[in-house]
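Encoded as structure tokens, the structure appears first; notes follow it.
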Amino acid sequence: MALTKEQIAKHIAKELRDGYYVNLGIGIPTLVANYIPEGINVVLQSENGLLGMGPFPFEGEEDPDLINAGKQTITTVPGSAFFDSAMSFGMIRAGKVDLTVLGAMEVSERGDIANWKIPGKMVKGMGGAMDLVASARNIIVAMVHSNPKGGSKLLPECTLPLTGVRCVRKIVTDLAELDITNEGFKLIARAPGVSVEEIKSKTAGKLIVEGDVPEMIF
Amino acid sequence: MALTKEQIAKHIAKELRDGYYVNLGIGIPTLVANYIPEGINVVLQSENGLLGMGPFPFEGEEDPDLINAGKQTITTVPGSAFFDSAMSFGMIRAGKVDLTVLGAMEVSERGDIANWKIPGKMVKGMGGAMDLVASARNIIVAMVHSNPKGGSKLLPECTLPLTGVRCVRKIVTDLAELDITNEGFKLIARAPGVSVEEIKSKTAGKLIVEGDVPEMIF
Amino acid sequence: MKKIVASADEAVSDIRDGATIMLGGFGLCGIPENCIAALVRKGIKGLTCISNNAGVDDFGIGLMLNQKQVKKMISSYVGENAEFERQLLSGELEVELIPQGTLASRCLAAGYGMPAIFTPAGVGTEVANGKETRHFKDKAYLLELAFEVDFAIVKAWKGDTEGNLIYRETARNFNPLMAMAGKITIAEVEELVPAGELDPDHIHTPGIYVHRIFKGVHYEKRIEQRTVRKVN
Amino acid sequence: MKKIVASADEAVSDIRDGATIMLGGFGLCGIPENCIAALVRKGIKGLTCISNNAGVDDFGIGLMLNQKQVKKMISSYVGENAEFERQLLSGELEVELIPQGTLASRCLAAGYGMPAIFTPAGVGTEVANGKETRHFKDKAYLLELAFEVDFAIVKAWKGDTEGNLIYRETARNFNPLMAMAGKITIAEVEELVPAGELDPDHIHTPGIYVHRIFKGVHYEKRIEQRTVRKVN
């Protein structure tokens, strides 16, 4: 069975390590914050200028001066810090953010990512995505395996305009966890009940399957 | 009569305009702060990270966390701000400091300045001088006209290692006020009782004298 | 020299048709509401606006777009805004999209007197077109130039008569960077106090970067995405 | 992951002979007194020290110079220090002098992930020797590379358990810049408080840049030039 968005997020949360500074993109990545394993402390960075992002505020406690990069009202946790956008992207570029999770429209087998522009459609802009993918040491893409038309989003080459080149390290889709290797997409784990054959058929880029690929455990 | 250090400072203080941000170097330049004309507000910048430097503290009120670029204990005036060294030199480089006054060992007729290194002697370093002379929009040198051996400090070319090139705009010495022009040192004013001939004889670089050169008034 | 001006209208009085202006804020958070309203009243046209976003249909820079005052937007993310999209598709409006960190760094470069900076953002993408790419230790970077703008307009929480500014929470964002980048910088603040009332250790933008300051009024501080959690 | 360490000795325990370390402070103002004492106790040798100054004979980095622990100093201004001068003239000590603003900017570049910056400081002087000069709009700049250091050691006024730091007055100077530039950054603070006690708007160095923090003891805070005015 294909994973739900929540399960994709939960599986990615296993990558978190104690003390990590983490930047979570809009959409599925945001959900990762709900599944931080027990005993692990991570600090969430919001690239509009905050370390130590907390959950959404309770109704009536929204503060218009306190939003995240998705422009949502949020809160802070104890020990948070505010800073300007230059320092925010400065710490990202300097590799101080340990993990970045973001969505994508396409990922190539070399780790190129496209997630900001569809030719012919109104382009809203890259926001901070190009900075994040060019700089973060560890980039995980959270996305569904196939686009709405049923085409694979894991390709030999991206067809859409690129956001960054050779930067993605890992992809977690509704069907599988895959690492980007020099040889292509390496299958690390399958969604429960999803066969290697199904993943193979839905992955247009080169897929490497070594030995017995375990099922994810939730 | 040659000017005293205090008179050199007082004459330079006439260049101050209301609202100026000013950086004063060590030595004679520091004294300029004592002669700020009435009705004129200037803000003193200290490149170790302060805007709004005040006078020395009263005895017993010295604060070791509050020093100027000369490492002297100082105070602040109301409306001061602290910042780090990158921002401090950032505002200098960006031309936000209106006037810089500093000492020199030699100035050339093109406006080159040497004030940091004497070959054969222990070199202490340039500190912030190279940043200041390379960046300030308006640099006035305060110095005596001749070196201790009687040689001119206003030269066709500097003989000492340079601090900056073509950056000095004006020089006030114990004998004269001179502007740097495309043609050389232009005599603007004489110290009271000092003749054009004396200034000419003590200026090794090209000196331009046009019309009647007024005496300074104190 | 007094930096205090009486109103937003006075603060923007010498901004002319065709000017290039920067406006602080991220989304609708920390935007100079009073100055935007004054620019709309003033009715100047042909502006190039540098701002991370372009507002929404009826707030922020959207208000200027509605009056067709903007010739070109330079932003990292736009188009929460139907009128914006219409003008863009009809060719009335020009848009230059640049990565958010690059936007921030080009402001910083201007404020720190650095003519250009290197960033890896956009290497290998269409953002790199026409730009110099340079390698340092096997990593590729783009050379990006410092902004040069006539006016920067920012919003702070508190300010003093010397022009010192303090921002609040994530309303800081681009404001201190743009404050440093303007040839003329205009700051509107929620609270304006006499020099000496702000702790000099707490100041985010030293007054040397600020040329005009006034106390703004009637801040709406509209929330773009109101998200809440339920009380358990 | 706990950033708190018990002492200066624990904080510097893995700094080895031959390491490159940065030390915050300007003159004797805002220097990491506790860590310097621990480095002297530890007795490691062959250090390259990046710091704006080199202390005085019996305080600051001067204490490390006395023990001949320093192979090379990278500073903007040195030599308030007889032992320093002796070692320099005898060839025991190597010195690289760089303009103060360049020193600051090369730290900033490291902390902001910029491989290099351009500055006009030193153009046309011996500082420019061997460096790339480049013109932007007819003004010449030198290309200066970001620092790369193993350890940065800084002193702050207040810190919290997350590593957030606040500096006091001109004791800020190079400290926030060096804090950003270290692969490992060690902060000693006068007051160490639980997370949540510092106002997040007042923090100068966000904890992400700080790896180890401890409460320092017995600060001497020596004054280098005690200057006072007379009561009228």
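Note that the chains are named A, B, C and D in the order they appear, and that numbering of residues resets to 1 at the start of each chain.
We adopt the following convention: contacts are C-beta pairs under 8 Å (C-beta built on N, C-alpha and C of every residue); 3 or more make two chains touch, one makes a residue touch a chain.
Just so you know, these numbers come straight off a predicted model, no measurement behind them.
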Partner chains shared by chain A and chain B (touch criterion as defined above): C, D
Of all other chains, the one whose Cα centre sits farthest from chain C: B
Chain B and chain C, separation of their C-alpha mean positions in angstrom: 36
Centre-to-centre distance between chain D and chain B (centres being mean Cα positions), rounded to whole Å: 28
Inter-chain centre distance, chain C versus chain D - centres from mean C-alpha coordinates, in Å: 33
Sites on chain B at which at least two other chains make contact: 50, 76, 82-83, 86, 89-90, 92-93, 135
Junction residues of chain C, two or more chains touched: 105, 112-114, 119-120, 167-169, 172, 200-201
Pairwise touch network: line, ring, star, complete, or other: other
Every chain pair in contact, whichever chains are involved: A-C, A-D, B-C, B-D, C-D
Chain C-touching residues of chain A, taken from the complex the two chains share: 46-50, 55-59, 61-68, 70-74, 76, 82-86, 88-90, 92-93, 112, 122-131, 134-135, 161-166
Complex contact set, residues of chain C against chain A: 26-30, 52, 75-80, 85, 88-89, 97, 99-105, 107-108, 119-127, 157, 167-177, 204, 221-231
Sites on chain C touched by chain B in the complex: 1, 110-114, 160-162, 164, 180, 194-196, 200-201, 203, 206-209
Complex interface listing, chain D residues touching chain C: 105, 112-120, 136-137, 139, 141, 145, 166-169, 172, 200-202
Chain C partner contacts - residues on chain B that touch it in the complex: 18-19, 21, 41, 43, 45, 50-52, 76, 78-83, 86-87, 89-97, 135
